[in-house]
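I'd like to ask you about the structure that follows.
Letters are used for the chains, namely A, B, C and D, taken in the order the chains are written, and counting of residues starts over at 1 for each.
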Amino acid sequence: MLDIELNDIPDWNCCAASIGYAGGGELPRLSLSARNLALSEQHHPGQHVVATCAACWLATKETKERLSHDPELFAETNTVLREAGLQLRNETPVRHMVEVLIEDVGYDRIQQAVRKPLKDIKIAGYVGCQTNRPFGIAGESYENPKYLDKFVEVLGGSPVENYDKKVSCCGGALIFSEPEKSQALIKDIIEAAYDGGAEMIVTPCPVCQMNVEVYQNHINQKYGTKFNMPVVYYSTLMAVAYGKSAKEAGLDGQMIRAKALEDIAGR
Amino acid sequence: MNDINRSMLEQYRNRFLREVEANVEEGQWVKMCMQCGVCAGSCPMGPYWEHPPQELFMMIRAGKREEVLSSTSMWMCTSCYNCIVRCPRELPITHIMHGLATYAKRLGLVPKDQPTAKFAQKFWNNLTKKGRVNELKLGLALYFMNGFAEGVKTSMKMQDVGLGMLKSKRLDPLEILGGHGVKDKAGFQAMLKKAEEIEMAKIAKNQAAGG
Amino acid sequence: MAEIKVGAYICKGCGLGERLNIAALEGTAKKAGKANVVRSHDFLCSQDGVALIQADINQEGVNRVMIAGCSRRAKTEAFNFDGVSISRANLREGVIWIRPDTADAKETTQDMAQDYVAMSCAEVRRMTPPTANDKAQLNRQVLVVGGGISGMTAALEIARAGYKATLVEKSAALGGWAGKLYRRVADRYPYADPQSNGVAELAAAIQAEPGITVRLNTLVARTDGAPGRFVVALASESGETVEETFGAIVQASGFNRYDLANLPEMGGGALPDVIDQAGLEALAVAANGGAIKRPSDGKEVTSVAFVQCAGQRSEKPGHLPYCSGFCCTTSIKQAMYFKDRNPDVDTVILYTDLRTPGVAGEDFYRSGQRKGVTFTKGVVSGVSQQGRGPVVAFHDEILNEDVNLDVDLVVLATGQVANAGVNIDIPPQADGQPAAGQPVSILNLGYRQGPDLPQLKHGFADSHFICFPYETRRTGIYTAGPVRRPMDIAQAQEDATGAALKAIQALENAGLGRAAHPRSGDLSFPSFRREGCTQCKRCTVECPFGAIDEDEQRYPQFNEARCRRCGTCMGACPVRVISFENYSVETVGQQVKAVEMPDEFSDKPRTRILVLACENDAYPALDMAGQNRIEYSPFVRIIPVRCLGSVNTIWITDALNSGYDGILLMGCQKGDNYQCHFVKGSEMAHYRMSKIGDTLKGMNLEVERVTTYEVAITDIQRIPALLNDYAATIEKIGLNPLKDF
Amino acid sequence: MTDVIATNQTILVVGGGISGMTAALEAAECGKQVVLLEKNPSTGGRVSQLYKYFPKLCFPTCGLEINLRRLKANRNIRLLTMAEVEQVTGSPGDFTVTVRIRPRFVTEACTACGDCAKAVTSEFPNEFDYGMSQRKGAYLPHNLAYPSRYVLDARVAGTAEGQAAKAACKVGAIDLDQKEEVITLKAGAIIWATGWKPYDAAKIQPYGYDRFANVITSVEFERMLDPFGPTQGKIRRPSDGATPKNIAFIQCAGSRDRNHLKQCSRICCMATLKQTTYVREQLGDAAQSSVYYIDIRAIDRIDDFHRRVKEDPNVTFVKSKVASITRDKASNDLFLNGVNTEGYHRYSNRHDLVVLAVGMEPSVPAGTIPAQVRANPHGFIELDPATGIFGAGVSSEALDVNRAVQNATAAALRAIQVVNRVAGAEG
């Protein structure tokens, strides 16, 4: 529909997100993403590496950046890659899916493709951390990025203006090791969305999506709140707006069902 | 106290800053801190830090080796990068926190039962086994990480989450059969082994040279 | 001297024509004003209007021009005629803009305007176009006192501008403190490393500069005269003294080292390995790139602590209450001496506020950090000797704990003590010699008011003005470098260059007999009637600029080139023998008298209030009140004065005798934070007016009838309010009983 | 057509703020010919927008009045307003400068009587008040504006209001046909005194200047104190006009920060200490001031002033760079979040007004000057006599007024050295 074609990096490996550090040191961690980049250069020369996950994008892009600024580290990485029969030229642009949508496709074309505008749905655009920092989307500020709101707008929804917790952290991987502390953060994120009059939260980050959605019961138990806030991935919004069925849009995958979207998809 | 720790103590005596610069990821940035505290104020886990980053940096300069490396503080980092983007002096604080954590772990100074340390280790083990993370195994391992009894409680507590995610097909039940990982496992693991070697070689050098 | 011919020109523009009876004003100018030529014009500041006036000057021989229209502060460039005296009756800002355009205000407004016309005619009739004094002479030679980096720079910059400089240094070599530095702080991007102190290069440049004469081992034995004709006796070590004349003087006498013995609690003077920054420079010079060794046992220094603000920023006796500004970067630089050679040396800088301002400062700070210098925010409680070396006890402000730091060497960052010579505010002994404990004089001025420059604060000979850092109370003598204010080398060189310009400007002005700032270009200067003078010395004592000496017969000697034309002497003179060609007891006194006093049979309101307003602040504020159409009493008659210091009490008594009901003086803020542009003028006026109370009682008058206010140029709303309140007060106490005598 | 007599012995001064005026006056009072350019309609620059100077707490207009009197009296200086340098070619002793002059639509004939302003109704954000107030389309920039001539805003010049203004002017000073013109003139030496502008506070995102009404800048705070300013001299909260009781001052707002200006702007600490005295003077014990700082840089004698302020029980100092500001929607109060690094104390302090001590940015970054100058990467001019172009005031370094004037006086001599060499060569 927006004619973007993605192909898997053959035999990709996990980037260790930003939690590998207890086990692996600097070089082992960097080599993980370096391997993916090397594979991409080998199998899809000239293609961009596009990540749909914030953590993957950040880890991969950071690797690219640090290796290009640190010759010694770059050399060591290649020594390491040789063990896997690989070599890295480090020439591949690393991009986030959102970047591709905004910069290559553009809001206009995203809008043109809309079949079922998300009318009268108030949506809090929760950008989170790693899609936003330290790289972020060109031209956006760290504290109050606007692209997700624009996104909601072009899909026909109405964004929550200056959503207070737009870029605050959901605890990321610490949701596992420090559940109480992380859930406290999540509580604020959802609370702020309700304050802004949101019916649902949209996010470009899978980690955020999961963390903010799946722990609402626990938060309700602990804090006596009555949260029942759907949290959807931005692609879900697009799918619905572009006329896909609830199933195709993966709405059945929501633990907290996004009724408003299901209705539109059902029409 | 393990051997590396013992010999590092020997080599660096009271010059902890030099030790950090030589052995900790991005450690050479520590000296650039001007104690404005913007990192400490920007951290989402702020309230739980025993010593916030800027204070850790001051402690490093003051040679408080034991206190720093056995602190739980750097394990509070959620990698949200807020400190990095706000730091007026360009310190890659997130990485320094990760680096301190790694170093503390190598020196065997991590406080017992530090949950993030344990989880991060489990995550790493899980990942390095096959090159990809098996979420369900990781999940289970995680819930049992504090021993059996605790584990039962946790998994009960988390049951709905687990089931809910199964229902919503977020976790592929097949994964329990360990279906899914990199094909070139040998190369993958050789790569990681080599990387580890190179780093440990450096550290060994510093042990000898004292930075 | 051609006969006086007054031309009165009345403008009808800006609504004056509509609001005022111009014919009546012309009448006033003719009758009361005795103007020889009277004309009105629709738009006097137009080319046509200006041409009209110029034509009268050329053809009619008009040599006194009275312009009634806008304020003297407006259209100054248009009404700028050579060879004639000009006065301005302020009918716009001063009358129609501050009065309502109503029927019942019409008469009082007109009265106001007519009085101002009469006053300006009276004033201009008593003015003569000033001619520069005949003693004016151009001398392109500048004396620079002090051969440190400031003095060397000043001399070089003066010579490079095509003037001549004589550089006098008391020691045997040029360079001063800078010459003793191993390296100086970087003065160019990237502001990263210590660099050569630059003294050798400067000295070579001075050598090569034919315009500069260097005199080493030489002191200034005596300085007489004035800008353009300073006569200076230079005494060399050998005892011979030469006399030279100079157009202006730059004093770059620098600073003295703070005495470490004042800091025993820090080990100052007591512990061998506790030194000051100058001490460390000496060690570094001795090491000459090698390892720096500590004094006590010559051990190579492996750890050093720098204690910032040692004996500074503190009210304790013997301490310096100020921050010397340069010490933070200097300590960073000195820490680099160690780090650049051996990164393993531990260097700690203990500070409370790290003061590295600007681009240069912050870059240098970062560079220090990059080189591994440790910066600790800590308050040092003391330094003691324990075993082999000193131990610094301090409270770490960040980690909030007390620490004892063992080091090989401690460097105390002590401050600069100004070397400004004798403090002339401390009265000399009976024999005229400086009071005990006073340092030796630097300039040995033969001035009535003392041998050196007045000091501002903490012993520094600085200007009090933010906008005018080179304002000096001894015209033609400018301080530069740390004698003016604590500063580093880069600033001192900037400062020296600025002072060099002021010196050149002073000698050029002196050559033309022109006043220096703030009355720049004024050619008039005070003269006195010798036969009338009672030798009371008030003028010589009260001159804010020490411009007036006493000659052999103890008469005042005016040294016009030193004079700043404020008129404080004129205000001081009890027998009124001092006057300027264009500003005198007469020019103001006659304005006071020119105001029409309605007699007891008049049906007009009879209150009249005389306002003597400082032309620098009060008068502009009044203009701006007009600009904003803020109303005030129609009974005030305002006369601008050069400075409240020039107000002679005769004006007050004459005014009261001629029937004014009250007199208001408006001058600038006095006291420690004085804003008076002539330093003491406002102060003097307040003092003199405080004395007038008795006179008033003698005349059976209420003290309120003479009131003095401190105002500022920003009191655009306050001043009209003050005038109105005062008018109300006068209403309350009633008319002046002397009115109708 | 503006005609200017200038030779290769003329000194061109670019910028009519206090540094440029000083350089021009000091040179002219040495007998030199000077052309002074100012891009705004009137001289005075940044300092004319300040309420008081530190540490004397005296009024900038006081010194401005003196300088204006010197300027009016001096025939060696030719002042061109609304003029900007387009290009400089040539070499020391022989520069050719092209200058673009925007139309004022009001001629020298103007008497500043104000009739035109009465005839014009439309209003525009007042630049002099940083847009905190409105001004007429025909206006005198401020009380001490010099030249004392009105300005007709280009946006009304072409309209019926322009005609109305023209009709209202009895002295025929309004010329609606004025066009932008470009002139070229000679100069022997150039003094570059284009000064500074406040750093754009909106770029400091964590402080929400662009989102929160009660977060203002230090320069805006100065304007509030002017009786003729946007709040008639009263300290007020923009959100509701209420009098603040608990004011925060945030230091290094845009300075000492790799995300913004790397340099320390030098003046901000003193400006804040000064502004706490405004609060004390106007609100007494009814208001508290809190200063959030990294280092208080009160150099030399000025440290006395620093100590005096510290003695004020209503002023507290917190060693901390504030991490972020959040707003209480109901009250529009602000929460400053951060850590006091002296002993690690977390805070989330409530304030009802926040003043950002914004840094100094060169108005014309040295790298963009249309001439050969020696520039450092921070955008300031470094001394290089070989160029014949000399920085004066803040175009050469972040300076306070006193140091800027000192620096401008030095620049005047450097320029004189060049033209005197020319004079010498030409005999």
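By our rule, a residue touches a chain if its C-beta (ideal position, glycine included) is under 8 Å from a C-beta of that chain, and two chains touch if they have at least 3 such contacts.
Values in this document were obtained by computation on a predicted structure and should not be read as measured data.
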Exercise. So which has more C-beta pairs touching, A-B or B-C?
Worked result: A-B
For this session: Could you please state the distance in Å, as a whole number, between where the Cα atoms of subunit A are centred and where those of subunit C are centred?
Result: 65
Problem set entry | Centre distance in Å when subunit C and subunit D are each reduced to the mean of their C-alpha atoms | 24
Exercise. What are the residues of subunit B that contact at least two other chains?
Worked result: 34-35, 55, 85-86, 89
Exercise. Which subunit A residues touch at least two other chains?
Worked result: 142
For this session: Identify all positions of subunit D at which a residue touches two or more other chains, and write them in rising order.
Result: 206, 256, 319, 324, 341, 344
Exercise. Which chains are in touch, pair by pair?
Worked result: A-B, A-D, B-C, B-D, C-D
Exercise. Which of the residues in subunit D end up touching subunit B in this complex?
Worked result: 206, 252, 256-259, 294, 319-324, 337-341, 344, 346
Seminar exercise, completed: Listed in rising order, the residues of subunit D that touch subunit C in the complex are 18, 25-26, 29-31, 53, 56-67, 69-70, 72-74, 109, 111-113, 143-144, 148, 170-171, 227-228, 256, 262-266, 295-304, 307, 319, 341-344, 376-378, 380, 382, 397-399, 401-403, 405-407, 409-410, 412-414, 416-417, 420-421, 424
Exercise. Which bits of subunit B are touching subunit A when the two form their complex?
Worked result: 25, 44-45, 48, 76, 78-82, 84-86, 94, 98-99, 101-102, 105-106, 110, 115-121, 123-125, 127-128, 131-133, 142, 157, 160-161, 164-165, 167-170, 182-184, 187-188, 190-196, 198-199
Problem set entry | Contact footprint of subunit D on subunit C as seen in their complex | 13-15, 43, 45-46, 70, 73-77, 157, 160-162, 188-189, 313, 315, 321-325, 353-363, 377, 397-400, 457-458, 460, 462, 464-470, 485-487, 491, 494-495, 497-498, 500-502, 504-505, 508-509, 517-518, 520-521, 616-617, 620, 624, 627-628, 668-669, 673, 675, 677, 712-714, 716-717
Exercise. Which positions of subunit B touch subunit D when the two form their complex?
Worked result: 34-42, 46-47, 51-52, 54-55, 85-90
